[in-house]
Each structure stands twice: as C-alpha cells, then as structure tokens.
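What follows is a set of structures to go through.
Look for subunit A in each of the two complexes below; its partner is subunit B in the first and subunit C in the second.
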Partner chain A sequence: MDLHALGACLTTSACVVTQTTSGLIVGMLLFLVAAGVTLIFGVLKIVNFAHGTFYMLGGYVAYTTLGVTDSYMLAVLAGALSMALFGVVFERALISRVYGSNVLMQLLICYAVVLIFDDLVKIVWGPEFHAMGMPQAFQVPPLFIAGGVVPPFYAVLIGIAALIAIVLGLGLSMTRLGKTVRAAAINAQMVSALGVNTTLLFAIVFAVGGGLAGLAGALAAPVRSLSPGMGFSVLIESFIVTVIGGMGSIAGALASALLIGLVRGFGTIGFPQFTDGLIYIVMIAILLLRPQGLFGRRL
Partner chain B sequence: MSAVITRRTVLAAGTASLLAAPWVARAQANTLRIGMQSILSGPIALLGTSSRNALMMEQDRINAAGGFLGRQIEIVYRDSKGQPQEAARIARELVNSSGCELLIDAEASSASFAVQEVVRSLDVACIHTNSETSSLTADPKIRAPTAFRVARQGVHDAVAGSIYLAEYASAKKLNKWATCSPDYAYGRDTTAQYLQFFKQFKPDLEVITEAWPKLGQPDFTEVITKLIQAKPQALFTLLYAGDLSAFVNQGNIYALFAQMAVATPNVDYPVLAAIKNLPAGIQSATRYLETFPDTPANKEWGQAYFKKWNERPTNWSWQNTVAMQFYEQAIKKANALDGKALAAALSGMRIYTPFGVDGTITMRDDHTTIGYAIGWGQTIPKEPFIVDVKAADWGKIIELETEWKKQQRYI
Partner chain C sequence: MKGNRRSGTRETAIAAVALLIVLVVPFVHRSPAFEDFVIRLSSMALFATSLNLLVGNTGMVSFGHGMFYGLGAYAFALMMQMTELSLPVAAMLAVLFTTVAALCVGAICVRLSTDYFAFITLAFQMLIYSVIISWQSLTGGDQGLRGGLPRREIFGFDLASQLHLYQCCAVVAVLGLLALRHISASPFGQTLRMIRDNESRTGFLGVVLWRARLWAFTIAGGFAGLGGVLAALFVSGAYPELADWPNSGQAIFAVMLGGINSFLGPVLGAAILLALNDAVARVTEYQGLVLGIVILIFALGLRRGVLDFLRVAWSKDSQ
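Now for the complex of A and B:
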C-alpha cells in the first residue's frame, strides 16, 4: 500500500489526466463487452458464459481482415459484423433450445462453445499469440494535456465507445425496437401475446450483444495480444461489471465499467500489490449497500 | 514391359513379404525409443513445438549417421500441457509402457521438478532441456544421479545480465530504475536475483517503483501509466511472449520507450517477429540469435531450421539440439544406455557445438551446462533484431555463481 504516492498523484494534474485516461480506456472496452452480457441477461435471462468467445473471435477476424485489406476500419467492421452474425447463429442453433431450462444446461452449452472455439482458433490461427500492430494512422506521438499523457488511439477508442453507449441508451429509450426490447425484458410472454415476433427480437438482442463484444475485440486488437482462450479474462471482469451495475441495466454497466477502470487506474498507484483485490472489495461494498447493483431493480 | 499382374507374381511377392516380415519386425524392435514430453498446447505451445522441431531435425541427422549404438532412434512426443502431475505421469509411462530407454524432459521449471523425482525412482538417463531454475541441479538435495540439465540457468543469466546492465547504467548515468515482471514465482524470484547482483555491481542503484501485472493480463495500460508517473530513468522487465508483445505495443502508444531506457532478458525470435513496431535501443539478452555466436556453424543451423519449419528457432530449440548432441557423445563414450553408465560419461563431458561461446559447451559435475552463448546487445526493428552483442564473461559468472551457491548452502 502506497497512500503517499496516491496522494501525490491526486494532487498532480499530469497524474490525474494520465490515470483517468488509463481508467477510461480500460472501462470503455469493458463496457462494450459487458453491455452485451447485461443486455442478453436483461431480455432473455440467459447468463452468456460464451461471451468472451465473441470478444476473442472479433479480435481474430479483425486481425485477418487487416492482413487482407490493410484497412483498420474494415477490420473493425468485419470483427463487429461477423460476431453479430455469429450471435444470431449461436442463439438460433443452440441457446433457443434451452430457454427456460435448467441454468446448468445453459452453462454446459456455453462452456462447450468456449472449448470448441478455443480449439478451432488454435487450428485456424495456431496456438501461439499474434499481435496486430498499430494502424499507420495512429503511429503518432501521444498528446500532452495538462502535463498528462493521452495517446490519440485511446482518445479515439474512448470516443467510439462513448458514442456507442449514447446510441445504445437512446436506441433503447427512444426507438420502437428499443421499447419492445425493454418490454420483453419485463415480460416476454406478454410482448409475444401482443403480436411481436419475439423469435426475431431475441435473435436481434444476441446480434447486438455479440456485435458489441466483437467490436471490443477488434478495437483492442492493435494493443492486446491475440491468443486462444483470451476471452476468459475479459469475461470475468465483464461479469463483475454486470453485477455491480445491476443485472440487465445498460446505464449500470457503463457506470460500473468506468468505476472499475478508474479503480484500476488509481489503484495501481496506491495499492500496486492489491489492484485486483480492490475491484472485488468495491464489488462487495456496493452489493452490501445495494444488493441489486447500482442501477438494478430491486428483486 | 507387360503391366499385367499374374497369379505367379502375386505368390512371389507374398512369399517375399512373409520371408521379410521377421526382419522388419526385428528392425522395429531394435529401434531405440527416446521419450520427450513438453508443453505442446496452450499459450506457450510455441516453445514446446520449437523443442519438438529441433529434436526432429536431430533424429534425422543421427539416424542418417547410423543411430545410437547401431540402432535407429525414434523420439516419442507427449503433451503434458505444462502440468506437473501430467508431466510426471507421462515420464513414468514413457519408460514403463512405451519402452523408452532415454528421456528428454522439455518442460518448463514447474513440471521439471516433478519429472526429476520420477527419474530418481526409475534410474533412467534424462536431460532437462528447458528448466532454468537454478536449484534443479544446484541444490544437491534436489539433484538426481541420472538427470542432467542442458539449458540456461537462472543464476548464470542473472550474473551476466547484471554485469552488462551495471556497465550500461554507469555509462548512461541511469540510477533510478523501475521493474515490471509477471506476478508469479518466476517473475518475483528472478527479479530479486537480478537486483541482488545488479546492486552488487552498481551500489547507487535505486528501485523507485515496481509493477507486478498478472500473467496473461490483457491490458497493461495502468501499469504503463504508473511507470510513466514514477519517472524512472530505466525499466527492467521479465515479461515474456504474448505479455511482452502486448506491453511493447501498448507502451509504444504512450511513447514509453522514449521516456526511459528499457532492459529485458526475454526477447526471443518469435517475440521479435510478432512485435510490429519494435522500438530501437532496448537492452536485450540473446536467447537464441543466428548472429551470436557469429560463426558459420551457428548461422547454418539457424537457416536450416528456418528452411525446414518456415519459422525462426527459439531458445528452447538450441537447448534440445545440444541435449541430443550430449547423448550422442555420451553413448559413444559409455557404449551403453543405462542411466549410471551415461551419468558417468556425461559428467565433465565437453562437446563441440555451434551454441557454445567458444564453440564448445561443458557438462559440469553438478549436472548443468556452462560455456553456452550468453550475450547482451540492443534491439533494432529489423533483422538481425539485436546488434552490438557483447559476450558474457564466463569466468566472472562462475565466480559469482560459486559465491551464490555458498550463500544458499549448496556447497
């Protein structure tokens, strides 16, 4: 524990700017993955343990697309869209068969998908790690704001994730589809009885969830190593985000992802040996005060 | 010439096959099987497969030269996934069930200690080819009578690296250092070992901050920004493989490498090739380098490996190659395959090999190798990736290793 260093950091603009940016980037990428988990749980009451696989495949698809097209924008689009499509296939072919059944059955199917795709990735891309490398446009020196370091690539990533958070929030609250999704989250049977094609609706929810995870994997690919099984570590943190934010709440996922990002950013200065533990302590504290999570509805 | 197969031809061929069958069976029974287990799947499978690739090349070379004691050799490969219990089970099975008469233990340290105990009970000859943890052979209580190590040893690397870095730090006036190593036994123990020797050679060295990211952590951003905030003059890191690649890629966008000098002993060819924008000027050890030792034999081997596998060899590749070279010479000398006879032949043996700093490597009486190439230089973004390589002083390494062994009460 180094409270002196933490105090010194909090009183220095350079440190505050740098660590806040660091927290925002970790939080925003986490939000993109967790938003899918919480959306799928909110509407379908399915805990998608295979969500990390979407993140991993999104990264690999982007890696291959960049190799073929040399365009990072196409690579990101390919990562996101292919995972949206994969989400639909996953929902229709597997998950739709276990709606309402034992949670262990859902867990078994998701875990099988994780193992199968980890092995398929090994066969297709090899067991060793890959690095995509930074796109040419972002191979520029970092910006210095109030003495703090802000990499342009991260600034763009934060911007994209923030834009998606706004679009998702507005889409759910303002559009007809969004309102239908929210209604289905409260009572799917009633929505179906009112003539809404819930089969299509559920497939759309999986497409959005999978697409967001694929997008996160593709956006992070230039700076993170790609390796089989890489989705697992992201999955655990995205579950923490979902639980802290309140199961099924997009706003909660955003708030808790940013909270975890900032705890990581500043925790590493004050509690370098205990940063991971700190996240769980924050989770326990929040759940003790609000068992339903920050934005969750009381059960 | 008629292409019609007559009944008489078939009968003749059948009779010939029947007559030849015992010879084929005898030739198969006469094959000398060598068991090898390693990490052939998982995140660091690349190192295991690079060990297997090297051994396959050695098998071809040795069989073309007549095999061992006139018998063709066949290496039997098994995947332990790096799990100690699995490695121990496989080692026992290779000897008891698969008929292997020699063992190559191509595991990382955690599993090698488990294999060591199996070897002690079986009395078969075994060469550990990848474990770098010094105590495996340095501690007389752990050392096994028929088990040897042909691999870098942690204490050797720590001494060599510390001498080089102390000279570098003094020349550049770098006193304030930071460390960033993976948060498990290897990262913590080896960082401590490096710092112990580093401070011995540069007493004014000050470690102003430490970072311990988790193994396989996807994001190093908060670690990188923390290092930037601490404003050290230099950074020492033991991150490796995919973690090192991610750290460099993420560090690049913070211009980390322009803000502090960086030193690492863990840069291997696959990492160098995978990092798309390798910064120039990182102080780096040579795990395996085609240009160090800068000899035709070393270059020839590196290029033959690349030609056969379409990828560069790793540190684990040369170590496995040398293990087979030691077996070859020891079997010739002992004219036997049993553990005790080979142990007697291997102790003190010196062989000619491209990977020795002077063209030779010696197996010391304490069952570990000395004289292998250890060098430090600095990175450049294109081949040969590491330049200005300075060879380590083996006299100094052995002197300090002896002191260390006394401190540990090994001698």
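Now for the complex of A and C:
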C-alpha cells in the first residue's frame, strides 16, 4: 500500500490526467463487453460465460485482418461483424437448445465453448503472445492535456466507445426495435404472443452482444497483447461490472464500468499489489448494501 | 425413521465392502498407475460430491467451488511446512479453515438468485486465485508451494510410500462420502431438496431459506477442502491451478457427467473425467478442445448424467 504516492498523484494534474485516461480506456472497453453480457441476460435470462471468447476472437480476427489489408478500420469492422455473426451461430446452434432448462446446462455449454476456442486459437495463431502494434495513422506525437500525456489513439478509443454507449442507449429507448427488446426483457412470452418474432429478436440480441464484445477485442488489440485465454479476465471483470451496475441495466453497466476503470487507474498508484482485490472489495460492498446493483430493479 | 436407519446401515455396509475391495487390490496385484488413479479419484470424488450437495440437492449452481478445494490444499500444505503439527491435526485445521471461509463467502452469496449466485461464486474464486498468485511471499505465487511436505508418520503409516498414501486416501474418501451421504439422506438433506423443488412453499413451511442454503454451502465448502487436502498430499505441495476456474468447471462437468440425481453420480463422473483426461493427454496436447466437444455431446445429446440415464432406463424397463 502506498497512500503517499496516491496523495502525490492526486495533487499533480499530470498524474491525474494520465491515470484518468488509462482508467477511462479500461472502463470503456469493459463497458462494451459488459453491455453485451447485461443485454443478453436482461432479455434472454442467459448468463453468457462464453462472452470473453467473443472478445478474444474479435481481437484475433482484427489482428489477422490488419496483417492482410493493412487497414485498422477494416480490422475493427471485421472483428465486430465476425463476432456478431458468431454470436448468432452460437445462439442458434447451442444456446437456443437449453432455453428454459437449468443454469447448469447453460454453464456447461459455455464452459465447453471457452475450452474449445481457447485451444482453437492456440492451433491457429499459436500459444505465444501477439502484439498488434499501434496503427500507422496514430503513430503521431501524444497530446498534452494539463501536463498529462494522452496518446491520440486513447482519445479516439474513448470517443468511439462513448459514441457506441450513446447509440446503444438511444437505440434502446427511442427505436421500435429497442422498445421491443425492452418489452421482451420484461415478458418475452407476451411479446411473442403479440406477433413479434422472438426467435429473430433473440438472435439479434446475441448478434449485438457478440458484436460489441468483438469490437472491444479489436479496439483493445493495439493497446493490449493477444493471447489464448485473454478473454477470461475480461469476462470476470465484465461480470463484476454487471453485478455492480445491476443485471440488465445498460446505464448501470456504463457507470460501473467507468467506476471499475477509475478504481483500476488510481488503484495501481495507491495499491499496486492489490488492485484486483480493490475491485472485489468494491463489488462486495455494493452487494451488501444494494444486492440488486446500483441501477438494478429490486429482485 | 426406522427405514431411514436401516438404509443407513446398508449404506455403511456397502461403503465397508467397497473400502475393503479397494484396500485388498494392492495385496493381489501392485499397479502404480491404478493406485495413482485411485488417489486422484479420492480427492476429485470428494470435491465433485460436495459440489453436488449444492447443485443436485439444493439447486444452487456454484461456479466457484474450486476456491475451497484450492484453499484446503494451500491451508494444509502451509500448515505442514510452517508448523510442527502432526498430519491429522493439520488436515483437520485445514478443513476447519475452509469451512469458515465457506461460511464467510456463503454469507454474502446465498441470498442471491440462481444466476447471480453462479456469477458471484466465480468472482470470489477469482479473488482467492488472484490473492494466491500475488501473495508470493506466502504462497510462492504462480510457481505454487514447492519444497514438498514434510513426511511425518501417522499411526505407523508413512505417506511417502505410495501404498500407504493410497490406503489413507481411500479411507478418508470413503468416510467423507459416507458422511456426505448421511447429510443428504438426513431431514436437513430433505429440506434442501424441498428448497430445490419449490422454494416459496418451503418458505411457507417455516424453513429459513438462506440459513439452510448457507449451511449447505458451508458443509460443501468443508468437504471440498478435505478433497483439497488429499490433492495437496498427492502433489506434495499446492499449486494455483487447484484454485483456478477450470478446476471448478471440471467439478461441474464431473457432477453432470455422472448424474446430479444419484448420490454416487459425481463419483462415477469424476472417475470417467479423470480417465478421459489421462487418455486425451496421451493423444493430444489440446485437451480443452476434446473435453469441450465431449461436454457439448453430453449437454446437448444425453442431457443427463450416466447414472441418471441408467436409472431412468431401468425404471422404464421395470414398468
């Protein structure tokens, strides 16, 4: 524990800016993953333990696409779209067979998918770490904000994620599809009885969730290294985000992802050995005080 | 209650016969591979059966049961290395420690709904795992606790000998399973099954749901810790993998593979899983790939474990 360093950091604007930026990056990427988890849980009541796999595959697809086309934009698009497609296939081929059965079956299927794809990634891309490297367009001098160093890529990344958060929030509250999704979250059977094709709706929800995770993986690839099994730590953190924010709440996911990101950003200064533990402590505290999460409805 | 007691005697007799057979085998034929397998099975069987107290009996799907397995192993190994305690005392203290840990974790988790419960138990497991990894001065970090356990004799048993370790593990496992069987057949076990089938009605009958669940969680944690102690004896140390999430996944699969509605299902599941892992490891390094496909076949095809499957087939035949 190093409270002195934390205090020193909080009083210098450069350190605050740097740590806030890194916290925001972590938070925004987490939000993209957690939004999918919370959406899928909210509508389908499925806890998608395989969501980290979408994130991992998104990163790897982007890595390969960048190698082939040399365009980061295409790489991100490929990562997101391929995972949207993968989400639909995953839902149709596997998850749709265990709707309504107990959590055990869902858990086992997701566990199997995680095992299979961790190994497939090892076979295709090898067990070693890959570094994607910063895209060419962003290899420019960093911005200086109030003395803190902010690489332009970070700023763009935070911007894209924020944009998606806004689009997702508006889409859910304003559009017809969004309203149908929210209705299905409350009572899917009734929505189906009213003539909505819920099979299609569920597939769309999985496509959106998978696509967001793939997008997060592709966006994160230049700032983090790629490795088989990288999805799991993201999965755990996105669960924590979902639990803190309240299951099924997109706004809650955003707020708690940012909270976790900032705890991580400043935690590395104050408690370098115990940053992970800090996040769990936040989670346990919130579970004890508000079991339904910050933005969740009472269970 | 009379019938209950009679079946209790019967089960004790079955357990005694099973134990006797297992103990006699090495005198007829020594096979290190078989003894190795039984030692690992005794640990895994306790682990999986304790998980089934939650999954099959109470309907609580915990994805973090491996944390107690790992905690038991680490507590035992650390006590053996750092203190002069005799082996049984260290084992008992390790199980006690795990039980208390399960009580604390359970106190936070058991009030949550099923989906949340799986989430949170997994998160707790990862907390324990990250503590084990980062507390290097105590646990040795990701290298695990090495240096071996001091081999103290107990009652003339020398655990450095594989035969003695085999006998010790078999006895502990059979006694542990018998105890779990008694718990699951007791009125408390019936209450747990009632909660699984209909929690609101059980609540109307005056059962305090969270208290019964917390007891189940605590007991299951304690027995998983006992399994961990055996694992620590076998590997002569403790490794972070014991507390890692794939271990919990393995236990869940063992439970499902054998059958959640039969008491011995998880034991059979653990045996099949261990044999499967060994066989796959000989053929390919991509164990996860094969294991994953097998899991999918079971989860989507059979939809129930081997023993449950046989029981359903049996009762159809006899009708």
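For this structure, a couple of remarks:
Here, the second predicted complex is superposed on the first by the 299 of 299 C-alpha atoms of A that agree within 3 Å, B and C clash if a C-alpha of one lies under 4 Å from a C-alpha of the other, contacts with A are read in each partner's own complex, and residues count from 1 in each chain.
In this section, contacts are C-beta pairs under 8 Å (C-beta built on N, C-alpha and C of every residue); 3 or more make two chains touch, one makes a residue touch a chain.
Please read all numbers here as calculations on a predicted model, not as lab measurements.
Once the two complexes are overlaid on the shared chain, A:S249 sits clear of subunit B and of subunit C alike.
In the superposed pair of complexes, A:N48 makes contact with neither subunit B nor subunit C.
Contact with subunit B, but none with subunit C, is seen for A:R264 once the two complexes are overlaid on the shared chain.
In the overlay built on the shared chain, the residue A:F153 is in contact with subunit B alone; subunit C does not reach it.
When the shared chain is aligned, no partner comes close enough to touch A:T38: not subunit B, not subunit C. Shared-chain residue A:K122: touches subunit B and subunit C both.
In the superposition on chain A, A:S82 contacts neither subunit B nor subunit C. With both structures placed on the common chain, the touch criterion links A:D276 to subunit B and to subunit C.
Of the two partner chains, subunit C is the only one touched by A:L94; subunit B is not. Of the residues of subunit A, those at positions 122, 273, 276 touch subunit B in one of the two structures and subunit C in the other.
Only residues 41, 45, 47, 49, 94, 97-98, 101-105, 107-109, 111-116, 118-120, 122-123, 232, 236, 239-240, 242-243, 247, 273-274, 276-277, 280, 283-284, 287-288, 291, 299 of subunit A touch subunit C when the two sit together in their complex. Interface residues of subunit C facing subunit A in the complex, by the touch rule stated above, are 55, 59, 61, 63, 108, 111-116, 118-120, 122-124, 126-127, 130-131, 134, 245-246, 249, 252-253, 256, 260, 286-289, 291-293, 295-296, 298-300, 303. Of all the residues in subunit A, the ones that touch subunit B in their complex are 9, 14-15, 18-19, 21-23, 25-26, 29, 122, 127-134, 138-139, 141-142, 149, 151-154, 220, 222-225, 227-230, 233-234, 264-265, 267-269, 272-273, 275-276. Considering their complex, residues 41-43, 45-46, 49, 209-212, 214, 216-219, 221-226, 228-229, 241-243, 245-246, 249-250, 252-255, 270, 274-277 of subunit B touch subunit A.
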